[in-house]
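So that you can tell them apart, the chains are marked A, B, C and D in the order they are listed, and the count of residues begins at 1 in each.
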């Protein structure tokens, strides 16, 4: 990517911002409803340490579903592929992220993939540790390492707001418990899961994490292999096949970058071998993806020919 | 029905008992797994007070899904038809009793009918009272009146066994709560629901309750109208269209008696204007109905031409 | 039913007619779209030969789904219960009448019941005969006998309009053929089925047919048993559990009369042991039932306490 | 990929062949059932014209679902993206390739993607031409160009075998016609579609076609751009997200090469910028993919690090 200029990036942000008018901030989690729908910020982190950005890059947002990729990486490291994929599948699904119906029709309640809520709950369930606090601490430390920023923490307000209203996730958990996919106390799992979703950062942090995935798990600054190569590869594959909810197929065709979005409006992108992207734009399209964030990625992908395909 | 002889009934019980070999006692609720699969008892209660019976009629069993008809009657009396049917539908469904999939595909999470678990949970949710204890007491008093037996109570062992393992019902509750069909604390509702299911009686009691429904809600002994006529009629209609899980259609064709079964092996039957039936036979067929109980009802229906149709 | 007066019936028709404004004539079959939405006529046929009626009773309409009950009776007589119910189930379903989804999820493509299109196509497939013409002739003769009217015939215009546009029924047929539920040429089956649906009569005829079912298959005038008792009983049972599409449950509760409706606006009712009803009111509700026809039946059922339950 | 040796490839073929014992030749199309389950052949075609291979590379097989990618490319060239994606979606689905259920639940009958049968039928429907013969001729000419081999033709025996038994595809077509996604004569479309599926070639041909997709649509020998770059890219994206039926997600994770399989046992692979792969191994796994073919691709991908992710 030849673009290493904040100015060029800024022009694209201004153009992409126009479509925020057509989007809507998520309001099913009350604390998220307070976001400004017109916000749009982006950071691009290169392996040589350079970072370009545009928009109000200091604005913080919670990870929400973006966290699903990170917890998956941790759990694959903790448990190994065999263990993990006995409990959660690898197939994309045409259903919405919060669907429960397919758990019933597919044989014995195993979620289709780790990017839908049911699968992500199973992943979080597999995070090792002696308590919710301990498991959360391990996940947070992992994120500190990926982002190279130890100040990252959860947003208590969002965490408790989500914990209170996570009825559907509790339904999924009990369904999974009935089918013996998970065996932990549901309230504890929901506590850990909503904390995971409520980890807060800005787009600079997110771009840094995306960079580590892009570089096959290696921290390009320290040279340390934070995530094993094959784990990073698996995560990027899921980002392509199921990273953008049930708009993943269209995203792969139009944009072709491994990416994961969240309902807070965050998107993490990882252009293999090249750079990481962090975006925050809370106005969502009807599938739950940042409407301006997707537009911005489309502009970037077309301008700089970033599609993997 | 000309049969008023224990001996004739006994011959039929002996014949029907043969098929218990092909059935299986429910074991997903641990406490139910202890039942003797070869048990089969029946009582028939006439409006003139006569009661004929066969088998070990003193053996007790828990109501399980049979209780769904009784709680529906209570709630229709408590809340009125309009209120109740805004929250639960009237349509039979070809799905298994514990299915969650259709809650998702049908508009806004309203269960199809009060005889599937999702619908029954909504019904129990509507039982009036100041606390779980108070609401359970009201239901139990209603049953005392219907059965004319104040000694009936719940089986604590079954209640706590079910409470501990009711993961799927909790999943249904949280799904319903997400869709604002119910708004109460899920653990409290599960507590009340499992208590309701664990109310214990023998087939003589059950026949007495069936008789009240058969007589349009009137207690033929005291002459008191315990249930309003239209409520009794609604309950009998549901017994025909959805009383025997997803074997209700076949049951209506082969037997044609309003009836409701439970996984403990109980069946309550109400032959309109004629008599009530109570059956206990814990060996179940694959749809969850008492295998010998259905066989016995088929013999009765054919011999005495009991079908309504 | 004490009502034996055209005048009383006429008052009810006038009252029920008001709701035609909220209904809509079926237009997916072009020839049906020409009906007058404000039409409403009814005939009630008693076993003693008396017939009361109201509205323009000479107006003709095609049977459409009402024919499903009649072809089922013929096929049960032709083939026997065992043969028939190996090929079509007995269970109501909460799905729309033209749904194909459940054929896929339920084991091997057997339709749930003979009142949904998939099941009705299997039934028509089982009508015996050497050719489509011969099979249609047998069905028509059967209808002549039931209605005691040899002038009844099909409406060619509707038949060919339906034959041309029956894409969904062809989809169902090919699905059934794939799963070896049927093995005949699809175009021939569609030809026979659309002819069956296009048989035309007035509400007097339909009431006469409903009467035969009400009288357990016996023609009360000639004394002849046109349909065996158990076949008539099976048909009435299906009319209760699945006769009014996916509004059957509600109809059973509110009205409680065995009845079968069609998208042309016809409804045939059979009050067991009492009388037959024929209704024509082409304005339909959203489930595909005659909106004023249902209202009229509700008035009749409440006024004269006709519910079986 | 450093491997340019037939010998090395041969060793892998021998190793992969072992798992043919666990697979099964497709027999739902009678003519396919005659294949030898122990066959396994592969060809790899490089842009410089070199081609390495192993196994009986002269053995011919029909394209079946592999043809879906090629017809998609042709139709995107014929009609443009906008037109095509109004009629068929871009999303992977967790359902089997021949599923009809989701057509019903998703809004108005639009197939989820062009790799499931419903979507592929819509694609074939869009092939331009004045007659079936003309449209087939256009597709075949396109394949001649891609494979650089004008002798390729259809296998009449397979074509007529498939045409006769394609009941499920006819069901899908009529469903699509009902929902106005297609408007052509179903028998004609099935004729064209089964001809497309019955185009016969060997793995050398298939590798050559895979190479053109790998080189962004450019024929590396003639230098001609046979397929526009963006069309080639779209095709490769679908190969990743939905190319291996409902095992595509697992394939992407384990192997990470754009690939499309068919029930005849063919697999076409396109390693972007590097080479094309053609495989023939008729023993299938339970998802319908060549069991030894997948094993062979896994060996290749691991040995030479071919995953895109």
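As a working rule, a residue touches a chain if its C-beta (ideal position, glycine included) is under 8 Å from a C-beta of that chain, and two chains touch if they have at least 3 such contacts.
A quick note: this is a predicted structure, and the numbers were derived from the prediction, not measured.
K.L.:
Going by the touch criterion stated earlier, list every chain that contacts chain A and also contacts chain B.
P.N.:
Intersection of chain A and chain B contact lists gives nothing.
K.L.:
Since chain A and chain D are copies that touch, just let me know if over half of their interface numbering is common to both, same, or not, different.
P.N.:
Mostly the same residues form this interface, as more than half of the numbers used are common to both chains.
K.L.:
Can you work out the whole-Å distance between the CA centroids of chain A and chain D?
P.N.:
32
K.L.:
Using mean CA coordinates as chain centres, what's the gap between chain A and chain C in Å?
P.N.:
Measuring from centre to centre gives 55 Å for this pair.
K.L.:
Give me the residues of chain C that touch two or more other chains.
P.N.:
Residues 105 of chain C each touch two or more of the other chains.
K.L.:
Determine which chains touch and list them pairwise.
P.N.:
Touch list across chains, by label: A-B, A-D, B-C, C-D.
K.L.:
Can you tell me which positions in chain A touch chain B when the two form their complex?
P.N.:
Within the complex, chain A touches chain B at residues 99-101, 104-105, 167-168, 170-175, 177-178, 186.
K.L.:
Sort out for me which residues of chain B touch chain C in the complex.
P.N.:
Residues in contact with chain C: 89-95, 102, 106, 112-113, 233-234, 236-238, 240-242, 246-250, 252-253, 256, 258, 272, 307-309.
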